[in-house]
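Two complexes are shown next, each including chain A; its partner changes from chain B in the first to chain C in the second.
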Partner chain A sequence: MTMKANDLVQAVDIRTSFPFDKNRRVQAVDGVSLELKRGEIVGLVGESGSGKSVTSMSILQLILPPGKVEGEVYVDGMQGNMLTYGPQSEEARSVRGGKIGMIFQEPMTSLNPIHKVGFQIQENILTHQKVSEEEAKNLAIDMMRKVGIANPEMRYNQYPAEFSGGMRQRIMIAMVLAAKPDVLIADEATTALDVTTQAQILELIQNLSKTENVSVIIVTHNLGLVARYADRIYVMYGGNIVESGDKYTMFASPQHPYTKGLLAAVPRLDDRKDRRLVPIEGLPPVAINLPPYCKFYERCKYREDRCKEGMCPLSDRGNQHFVRCVLSAEEVAAKEKSMADDAGSVPEKHIGEEPILKVENLKMYFPIYRGVMKRKVGEVHAVEDVSFVVHPGETLGVVGESGCGKSTLAKCIMRAITPVDGHIYFKGQDIARMKERELKPLRSKITMIFQDPFSSLNPRQTAESIVGEPLQINHLTSSRAEYDARINELFELVGLDPSFRTRVPREFSGGQRQRIGIARALACNPDVMICDEPVSALDVSIQAQIINLLEDLQSSLNLAYVFIAHDLSVVKHISDRILVMYLGRVVETAPAERLYDHPLHPYTKALLSAVPITDPKADENRERIKLSGEIPSVLNRPSGCPFSTRCPYATDRCRKEVPKLQDYGNGQQAACFLCEKER
Partner chain B sequence: MIRYIGKRIAQTVIVMLLVSFITFLLVSVMPKDPVYSLFGSDVTPDEYEVLYKRLGLDQPILVRYGKWLADILRGDLGTSYAYRMPVGEVVGKKIGVTMYMSIVSTLISFPLGMLFGVITAVKRGKWQDNVFTFLANIMGSIPGFVIAIVVLWVFCVQLKWLPSSGFAFPWEDFGTHIRTIIMPMFCLVLGGVAGVTRQTRSSMLEAIRQDYVRTARSKGLKENYIINKHVLRNGLVPIITLIGGRLAMMIGGSVFIENVFSIPGMGALMVNSVNKVDVPVIQVCVLLTAGCISLSYLFTDFLYLAVDPRISLQ
Partner chain C sequence: MTAAKTYRRSGNDRMRTVRRFFRTMFSRRIVIFGFVGTMFFVLVALFAPLIAHQDPNALTMAGRLRSGSAEHWFGTDYIGRDLFARVVYGTRVSLLTGVISVLMAAFVGVFLGMCAAYFGGIVDKLLLGYCETFNSIPGIALCLTLVSMFGGGMLNMALILCFMGIPGFLRMMRASSLSIMNSDYILAERLQGQSKLKIMYKHILPNAISPIIVMSTQMIGATVMMESGLSFLGVGISIPMASWGSIISEARPYLLTNPSYVMIPCICLALLIISLNILGDGIRDALDPALRGES
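On to the complex of A and B.
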């Protein structure tokens, strides 16, 4: 088999398996073929467990025994099938790093902490290029400059611990590109980073792919990212490629039921306010016991008996658009029409008049201690002068990047910590500095859902006792029968089968665990629920189920939500009002629609433009504000406007004075001198 | 960096002071009358009064502690009740023996244990791993004195190759040194090697599955190079912690070995002194042991500094 002209990498029928128990193997990748042309950026998209990372690691022969890779991999400039050489062969090693470089998800752990970054870059150059150590150092410093690291001569001799997450990912890119590879694989390379940093890194990769003549494979779960940055897309599900093609064709007319489902399940920034997400029913596939036919069969809305007759091949639907589905586009369209299962609109909201929660000038500082005597040497201003109002039945979204104080704000409202100054009125009572005894009856009325459904539930408690604990602590039920009835009611409310009561958390999937967390928060009939990144740890298809559940619960129970997240699309989808925070301060607040249509603050604009939407055409027409630099540390905040160090429009006044929130009508407020002038 | 070193030294001094005070306190409440112990039980009540005052026993405990500490710092370690001679002379040679045994056995067992640990980790699941790990588990779980008795029976009683007791420093009589030290050293080293092997194996395996090792592999580096440059140093950081603890254990644990082979070391001395309630000797022994252990912990902390750049960054 020979490679097509101008193909750089060609993988044919990759099958990767890992032992599960004595007789069975997990087929993580089940016959994946893909190709990469010179100068191309390809996206490999899928949810967790789809096999996307394993595929890219299989191509590089990074799968360690007892894992096993079968298939064929051809690389431009190398003779024959690379897999036959073995992972430790001279040939395989010259491809790894030399022809194909890879950067990984965790920038914090992917660099060796005990070696200088310069050494780690230089190491790659010396392995693959015939240069002296001196030249390698110069090449490394050169590359560090290209990836945007200031003062590279000095930083060459620093250790990874001296770099921020975004900077470490730049070091990784420099390390990979310094050896002049043809291909860069970015495996979830920006997932752990803040939104604006993510945009910076991807733009850097996009630019470098042109200047350094490198093709890129972006491996990600984020459909928006590939819509914006990739040229061609492969969609994976259960170890198979289910659809592939040019991004414009694919986003304009997705054909595989899974791709269609994914696109309907993710919230988009440009959605109309009342669009209801359409979740993909069922659970993500488990790699053991996958059927020999279509892996998506169990969850597919359009399934038919003939789907089970065997694995169907990828078929060309024209224009290099390949789909692995027995049903033709017309058949699916016809079924779609007959089902008419338009999810419709979000249930109607009844927003009350009287505010349930009112926060005024809230301030939270943490002292910094130094030395043996633990002398106080300063304060971290985590939350600085924050005010807002939430009405019954309303959702207030709080967005911001790391260090913006959103989690501290949540802790203050929960009174897990006592704010330094300001007021928190709950139903008119100020709870900001209330004594524990007075607070006790109110505690159960403000509850919280946490980010990580895996670590926020006690692994030894049964689901029943997790959900029932608040009932017992607050003596809300008087008899065993009443308690049981209430538990069943709560389980049904969040869409869990009450017969699962006696199970422990590890017997549930991520989405189900989050449902348990929600049931726990609901147990005491709260008035306010604080949701701290409740869906960010979940797969997109599951995310939609939880968002819909939260929306339903809000309308039936008239709950007020404070919804904290970094994902702007999700926040915009669920919120009525949004609060944008930066370094502890509110920089802008507005009704959700208004904020998206008419952002005022430069940070809001940058944040919005950093989030791609899953429609490449529409995305290209959006105004883009690119930020330089990184979020300053809260220990070292700018003296004027918190955003002044990164703002493209910052003036001397911005650097000296802190702008106050000003009203701009339509419920919109922003803290920016620029907007004041324009008014 | 210099601040850190200064801080650690200051901490060590504080710990030593605390240990000395607590041992002084504990020993001073022991049910043994120092006057009768020192001068025999035929002291008359009048003489007792005088001697009691001369020893300063009528003064408050803090004052006595201050005096004792000042004496020790001046080099006067007191007089042993049992031997009726200066404590310095009683303890001096014996601590030398024990320190020599502990340090030499640590110096042998660490490199060996680390070597076996690295082999078992790198060859995980292969026969080398199975054999060494199996042996390490067996040897690690048999108490040292059992091995000592078996060894003694085989080489001394049956084969009559080696003497059953005695000790000489190499600079005194090299031949006797080798003959007397082989068996006790073997017993001390065996347990040490087993422990270090197991620890090294697990911390190496931990280091091998770190993300940065995957990064190193993705650069196309050779596997041996990856182990040397990227795994070894990271894997050995936790082993450094062991050195301090191991040294301390050796000093304490040598009691059994010293008894079995009749080596005149600290272990035997301490047991005897406790039996005889030889207060001054016990105090000095405890103080010296605590000193050795504190110093070895200080030493390991400085080793950390050399191996892990993150510590000096903080």
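On to the complex of A and C.
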């Protein structure tokens, strides 16, 4: 088999398996073929367990025994099938890092902490190019400049610990590109970064792919990212490619039921307010018990008996658009029509008049101790002068990037910590400085849902006792029968089978665990629920289930939510009003729709434009504000407006004075001098 | 044994939990060996007078340093006492000083370690200070001092060895509790208004205990050796009394001429430690929810 003319990498029928037990092997990748042309950016999208990372690792022969890779990999400029050479061969090593470079997800661990960053880049140049050390150093400094690191001569001698996450990812890119590869694989390379930094890094990769003529494979779970940055997309599910094609054709007319499902499950920034997400039924695939036929069969809305007849091949639907589905586009469309649009819209809300939670001028500082005597040398201003109200039945969204104080704010409201100054009125009572004993009866009325469904449940408790614990603490039930009934009721409320009561958290999936967490928070009939990133650890199809559950619970129980997240599209979807925070301050607050249609603060605008929409056409027409630099550390916040160091419109006044929140009508408030002028 | 006992748990549930505990514990066959081995030594220690018919401290007619015979199974020691009886009675002393002192040390260490972690501040500082003081003094020197202050004998030995073992357990438990306390489920408990004491014994303790179990089994071996070292120096258990450690040190000069003399107590010691280690691993697995309920 020979390669097509302008293909750089061609993988044919890759099958990667790992031993599961004595007789069985897990087929993590089950016959994936893909090709990469010169200068092209390809997106490999899929949920966890879809085999997208294993595919990219198989191409690079990074799979160690007992894992086994079969198939063929052809790389431009190399003779024959790369897989026949073996992972440790000279050929494989010259491909790895030489022809194909890879950037990993975790910028904190992918650099060696005891070597200077410059040395690490230089080392990679020396391995793959025949140059002297002096030349290599110059090339390294050049490379650092190219990836946007200011003052590279000085930073060359710094250690990884002196760089922020985004900067380290830039160093990684510099390191990989220094070897002059033809292909760059970015495996979830921006997932751990903040949205604005993520946009910066991806834009950098996009530009470098043009200037350096490098092809890129973006491996990610985020549909929006590939919609914005990739040219061609492969969608993976259960170790198969289920759909591939040009991004415009694919997002305009997705044909595989899984792709359709994913797009319906993801909230979009430009959604109408009452759109209800359509989750994909069931759980993400587990590689050990995948059927020999269509992997998506179990969860597919359109499944038919003929789907089970065997694995169907990728069929060409024209325009280089390939779909692995027995049903034709017309058949799916007909079925879709016959199934009434059951998604409907979100249940109606009844927002009360009297605020249930009122936060006034809340301040939270943490002291910093230094030196031998542990003297207090300063304070971290984590939350600075935050005020808002929440009404019964309403959702207040809080967004911001890391370090903006949103989690500290949640902890203050929950009174896990005592705020330094300000008031938190719950039903008119100030709880900001209440003693633990007075607080105890109120604790059951303000509850919390945590981000990580794995660490927020005691691994040694049964589901029943996790959910029942608040009932016992507050002596809410008087008899065993009543207790049992209440637990069953709570399980059903969150969509769990009450017969799972005696299981321990390990026996549940991530989404189910989050449901247990929600049941625990609901146990005492709370009035306010603080949701701290409740869906960010979940797969997109599961995310939709949890968001829908939260919306249903809100309308039936008239709960007030404070919904904290960094994902603007999720926050916009679920919230009635949104609070945008930056470095501990509120920079803008507005009703969700208003904030999207008419943002005032430059930071809000930048944040909105950093979040891609899963529709490349619509996305390209949006106004884009690109930010330079990164969020300053909370330790040395700018003296004036917190955003002044990154704001493209900052004036001298911004750097000296702190702007106050001003009302701009329609419930919108912003803290910016520029908006004041425009008025 | 397992966590998550609610006060309303029915007897039936508890029976199932207990059964699941043992099933997981013995799911690796080797744990049965550890269990049987440990039980064997415990029984020997309990029924020593029934097993050994001769007086461990009486001189016999057979003469000194004899090899095994029908009358004296393991032969006789360097002054002509029956070695079998001495090893059997020695099991009592070694188990008592080794196992009991380690168990006591673990109990106290776990409690104090958890307090240090949970309350922090001055409590933490004082307890860590105590640990550091102990760690900075060589163990054997400290033991010698304490023994000469309070006198030897088995009870004193056990107490002193226990005292010596506490800092290790305290540090281990403190570290492991601190990592558990940072997890969200402890925060969730606090935010529900759960009392401190309940959080400590119901949530932190069962999750932080597994390294302690492994450490205990290893400490027992070290403690038995410590006791034998002290007995060798003549400040351990009082003289005619036998312990494995004292037999080993008595037998040392005859290592080349009469190897079985020194081998027998050594093998016993090794078997006990191996059994305890394997049993400890089994218990840890059974307590680990990730391994529990596989079948």
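Following the convention adopted for this analysis, the second predicted complex is superposed on the first by the 677 of 679 C-alpha atoms of A that agree within 3 Å, B and C clash if a C-alpha of one lies under 4 Å from a C-alpha of the other, contacts with A are read in each partner's own complex, and residues count from 1 in each chain.
By our rule, a contact is a pair of C-beta atoms (placed from the backbone, for glycine too) under 8 Å apart; a residue touches a chain by one contact, two chains touch by 3 or more.
Quick caveat: nothing in here was measured; it's all calculated off a predicted structure.
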| item | value |
| --- | --- |
| Touched partner set for A:His115, first chain B, second chain C, both or neither | first |
| Which of chain B and chain C A:Thr447 touches, first, second, both or neither | second |
| Partner chain(s) touched by A:Lys247 [first = chain B, second = chain C, both, neither] | neither |
| Touching partner for A:Ala416 - first (chain B), second (chain C), both, neither | second |
| Which of chain B and chain C A:Ile473 touches, first, second, both or neither | second |
| Touching partner for A:Arg460 - first (chain B), second (chain C), both, neither | second |
| Intersection of the chain A residues that touch chain B with those that touch chain C | none |
| Residue ranges of chain B in contact with chain A within the complex | 7, 210-212, 214-223, 229-230, 233-234, 307-310, 313 |
| Of all residues in chain A, those that touch chain C in their complex | 414-416, 439-440, 443-444, 447-448, 450-452, 455-462, 464-465, 468-470, 472-474, 480, 483, 502, 504-507, 517, 520 |
| Complex interface listing, chain A residues touching chain B | 60, 62, 88, 92-98, 101-102, 104, 106, 109-115, 123-124, 127-128, 159, 161-162, 172, 175, 179, 372 |
| Residues on chain C engaged by chain A in the complex (per definition of touch) | 2-4, 6-8, 13, 183-185, 187-194, 203, 206-207, 289-290, 292-293 |
